Amino acid sequence: MSQFLINQLGLYPLLVQALMAMLTASLILGVIAGGSVVFIWMERKVAGRIQDRLGPTRVGGKFGWLQTLADGIKLLAKEDLRPEGADALLFRIAPYVAFCASYGSFIALPFATGWVGLDINVAVFFVVAVLGLEVFGVILAGYASASKWSLFGAMREAAQVISYEVPLGLCVVIPVMIAGTMDLTKIANLQAGWFTNWYLFHDPFAFIAFFVYYTCALASVNRAPFDLAEAESELVAGFHTEYSGLRWSFFFMAEYGSMFLVSALGSILFLGGWNGPIPLAEWVFGQHASGLSGFAFVVANLLGLTVFMSKAVLCVTVMMWIRWTFPRLRIDQVITTCWKYCTPISAVMFVGVINWQLLGLPNGSDLLPHHQLGVRQLPGAVREGAFGKNQLMPQAQSRDEKSARHKEALPAPLHAVSDRGES
Amino acid sequence: MSTIPENTANTEVIEFDVRTDEMLVNMGPQHPSTHGVLRLVLRTDGEVVSEVTPHLGYLHRCAEKIGENLTPRQWIPYTDRMDYLAAMSMNLGWALCTEKLMNLQVPEKARHLRVIIAEMQRIASHLVGMGAYGLDLGSFSPFLYAFREREKILDLFEEACGARLTYSYLTVGGATADLPPGWLQKCEAFLDQFLPVIDEYHALLTTNSIFIKRCANIGVMPADMAISYGCSGAVLRGSGVDLDLRRDGEEWYTNMYDGYAFEVIVEKEGHYPNDHVYPPVPPEAVLGDCWHRFYVRMLEVRQAVDLVRQAIDRYSAASGSYGEPVKLAEKLPAGETYLETEAPRGQMGFYIVSDGSPIPWRVRARSSCFCNLSVTSELCRNTLIADIPAVVGSLDIVMGEIDR
Amino acid sequence: MGEINGHAILFLFFGILTCLFSLAVVFSSNVVRMAFYLILALAATSGLHFLAGADFVGAMQLVLYVGGTLVLLVFGVMLTAQNPFISLRTAGGDWVVAAMVGGILLVILIPVAFQVGLPPTEASQLGGRADREAVTSTDPVSVPTATRIGLGLLGVPGDDVSGYLLPFEIISIHLLVVLVGAAYLARAKRRVTVRDTPGTADV
Amino acid sequence: MTEILTSPVGLTHYLVVGAVMFVSGVVCMATKRNALGVLMGIELVLNGANLNFVAFGSNFLERNPTYQLGLDGQIISLFVIVLAAAEAAVALAIVLNFYNNHLTVDVDRADELRG
Amino acid sequence: MGEQNLVSRLQAKFGSKILDVQLDAIDPWVEVSAEGLPEVCQYLHDEPDLKFDYLSCISGVDYFEPDPKKAAKLIGKPRMEVVYHLWSVTHKSSLVLKVLLPRWKGEQEGSLPDVPSVAHIWRTADWHEREVYDLSGINFTGHPDLRRILCPEDWEGYPLRRDYQMPLEYHGIRCR
């Protein structure tokens, strides 16, 4: 599209780049803002249904579709309070720090082949890193509020997030290791085909690793039973006790944004991303979306987007289900869970997956016969490339050989797509 | 974050990892988990609470002073507002106490009616206690499940007396009205559908491993401590003290339960009565901890269901009056008496002193929660902040009764 | 010259942010705000890393520095803060000395920067040509570096990277030692006199 | 002025930013009496140096090919980041320890060893 | 009769500290002198076959009629009574102790009558005594922390005394 603007309309390339960047940014903003509106509505509905209630039923029709919007307007109209003793600058800026972290990590999150804000080849790393920055918003909010309850919340958050980043990172590394790349788009495309190709079913260790990942993700985005930072029965509202109105809603958006983000990340890493349980696009179009172009590509990608969104939303829903079912852990139990259970388990899973790969044991994709539509062979090729014997014990090679090998390691269609993704 | 000057007069030396500052934190009177307007002042060092000082009186209305200006029947609505979650039991306690002073025996039918109502009230009250405890530990849904069932009891009460919270139904001489026709069938239908729901509560809370982690071995209260602090009800029995006024109380009160078959819910030799039908006690739980207090309450719900069923049979079989209330300004004999009854939250005592006029000289309400709460500072010493809602919630207090 | 260069705009954005927040760290007197500005400065630095094509280092900077080290730092600030918003005033003399030192360093460093970073002469233009293309292309971070860095760390020398197995192992051991040592230091027990709680009359 | 926007980003740009960071760090270390402030100064200094390593190693900057570090620059900066993390952990432990003993984090008060 | 037996034991042991006994009342009670109260309580608490280990309630009752026309009728001479309701968890028996006090110490308005505290025997007495102090105005000597409990710390007067007048205002809040 940008090529079209430059060539046909004769627009200044930089302007086009800026326009495209703004378009992407606002699309992502739309995802996170619209997402939180939907998720907050969903949270209420889910909570309502779990608790034998109806949830919102009035605003915007039978299902209360517009309830969140109405609440948003109410929040906008609320007075923006600031405690007298608060550190004004930090108090004002903290919600935006939290929100920006949540928002920033969406930049590298692909929604379908090529549909990504910025195609970074260390996307996994980037997403986890930027998401980890959300803790600063919480800490600053807790500290700047000049309230003891907020401070307690901030201290808990800091301790908790630092701790859980370790097992979370270990679990994230497992699919990265299986795929041999940190590029989320590639990781997802490597799981194309039947659902047995998903890294969840790659081997027993990866299967367990997903649940450890999910637990740690719950903890790192502060959802029950790990919502210690805002434990309302102990700390009133924790770090956002003193917030109201728009700033408070920014914390909320950040929370729901991160919930969606970790769910989406989990579904890309373990649940096959935008690949459905059956290779539907391959049957219809004869090829995986990454190998298509033009209208078929868009259709296949839209299908993939739907699948991806449903997986992520399903994960979010399970988070809600958990929240409305379980009591809250105590802070020492949360930290114990991390260091005594999650970290050792994820370390064992990590080692287990390494050995599974090294020993060349059969993996999930061997369970079902590979369908013969071309794409299935790709992951195998990449696995060879990334983890073949010659790779583990490489000899000195000339530059040409090496780059040639890198080229062949990546499926050709992916090259094509990543090129198109930019245009 | 105010630092507290160290008191050098009364010191002991202990070892510390990282020296942090102590701070005084106000928990309440506006705090989600202090069950109303209780205010706890915590002295904390990080997450560890070294001292808890309860401050009461935010709901103090001096009901006892009001009672010196009203006849006993007129004071009944004021008893409603003590333990507003178990108003029927408050009514009953005061009515029985006044009847004891007047030496007034209620008819047989009224006796069984009172058992039905009192035990239904016990169910309703424990449901709130259970739900609110779940809320204290961060589990929201059981609260609404509990309220769903409680609503049904309130519907029944509303049908009987027209009120849903402050009933003034049981009164001196019996009750203000007989149960309406068809009420017993509805009540039985409710009990039938309610029994399986109890198992749901057990599944959601009692046996939930996070729940057990949060309250097993927390706030352990030995039996002698419970007795010394005058604890009562589930708090006392949760510590393994075999005392239930329905069985052990004064004759004037136990007569009401004469002929009823029930066992006091207390652990004996590692077992609760009929514990094969209940979820087992987890190995982490220690007698006298929060979990046991909660468990006793849950078993009492089940027990109350049995008692209501027995009472319904007896009530249907009994003939005669439901117990007309005495005259509003009935003259009281001179003298004084004290009677404790087993209300859902513990032993609710009333003391009445009369000079022979219709208006008592002095009335006094001995609140069970008042005594139960007094143990907080002892139980919460050197716990974590998160344990405070767990401990206070397990005492199941109602501030209306504490502050009177 | 010619068109405005997107890369340059982004560089200016992140570079100015970095410099501004670094200076803010210096001139802020509140420790928590200092930490906050430091976070922003380092985050902007990671942006510079991305712009220089070092995406792995940039992400690492975010994870380790901003996410790990600085949370620790903020934690330390909170643990050692006696009153809500501690601020430390710096004496005038200190400022003078520091300004002198800083000024001298700047005077030395900036000319060096210009000397070392002189644009390539015509003779060496050939070497930079291909890269210039990359610079002006839409995406400066599309060349993966993580794999090559990983191989380098495993001791596999490549065409533009040497083997670093020994330093890598040494640093691993070093990290472990540091972890144990820091834990030991922070947990060292000492005797502290605290207030006994009243109202414990025995029965 | 427009030249800075139109000319490609070069090594100099990075070196200047690095120099500013480095000097800020040094000044920070010199002026702050809070141990944590000094620690933050050190972080700034390390990052300034780090930026230079990355810049020298980058393929994307206009530079004199004499000063080409290749990926080694990135690896060294990785080591710096990791070591800085370790350094911060130890320094914080020391600060906490110091705070335990003196109830302050003022570095001027750490003078027991003075003869 | 159990109470008769108990009373004789107490009288034999404490003699003049047992001032009066009323066995015909609905709840039989024993009047104890203020000085002898802790001793008697300790005995009742410790003795294995009595073991009154549960203090149900402490009540302060003010026998005073401000209206002289009604005063002489039934209530007797003006006095304060502190009533202790004891209960034995072991033996399921109860006992009422009473301590009769002048309304004001030395008949001086404003100086509270003294009773020794029993908070060291039953911990629950701690709060109950605070409540009686707060509402009825009785000074429990030896109490670890005798403060108002239900009324605000700076409240004036003792609401459950018969001659209590509600203050007109409290910190600018109109009271009546």
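Just so it is clear, A, B, C, D and E label the chains in written order, and each chain counts residues from 1 on its own.
The definition used in the following text is that contacts are C-beta pairs under 8 Å (C-beta built on N, C-alpha and C of every residue); 3 or more make two chains touch, one makes a residue touch a chain.
The structure displayed is predicted, hence computed values, not measured ones.
Note on connectivity: the fewest steps through touching chains from chain A to chain D is 2.
Taking the mean of each chain's C-alpha atoms, the chain whose centre lies closest to the overall C-alpha mean is A.
Contact analysis places C-D first among chain pairs (by count of C-beta pairs in contact).
Ranking all chains by how far their C-alpha centres lie from the centre of chain C, first place goes to E. Centroid distances from chain B, each centroid being the mean of CA atoms, peak for D.
Centre-to-centre separation between chain A and chain C, using Cα means, comes to 26 Å. The distance from the centre of chain C to the centre of chain D, with each centre set as the mean of the Cα atoms, comes to 6 Å.
Between the Cα centres of chain B and chain C there is a gap of 59 Å. Centroids built from CA atoms put chain D at 63 Å from chain B. Those residues of chain C in touch with two or more other chains are numbered 3-5, 9, 56, 60, 68, 72, 75, 79, 82, 84, 158, 186, 190, 198-199, 203. For chain E, residues touching at least two other chains, in rising order: 122-123, 126. Across the assembly, chain D contributes residues 96, 99-100, 103 that each touch 2 or more other chains.
Against chain E, in their complex, chain B makes its touches with residues 56-57, 60, 62, 64-65, 100-101, 225, 227-230, 241, 243, 248, 250, 334-338, 340, 347, 349, 351, 353, 355-356, 361-362, 364, 366, 370-371, 374, 403-404. Those residues of chain A lying in contact with chain C across their complex are 2, 12-14, 17-18, 85, 87, 89-90, 93, 118-122, 125-126, 128-130, 132-133, 135-136, 139-140, 143-144, 146, 151, 154-155, 158-159, 161-162, 165, 169, 182-183, 394, 396, 398-399, 402, 406, 418, 422. Residues 1, 23, 25, 31-33, 46-47, 134-141, 144-145, 148, 204-205, 208, 210-211, 213-214, 384-389 of chain B are the ones that touch chain A when the two sit in their complex.
Chain contact summary for the complex, chain E toward chain B: residues 25-27, 53-57, 59, 61-63, 73-75, 83, 85, 87, 89, 92, 94, 96, 122-124, 126-128, 131, 135, 148-152, 159-160, 164. Listing the residues of chain C that touch chain A in their complex gives 3-6, 9, 30, 32-33, 36, 39, 43, 50, 55-56, 58-60, 62-63, 66-68, 70-72, 74-75, 78, 84-85, 138-139, 141-142, 144, 146-147, 151, 156-159.
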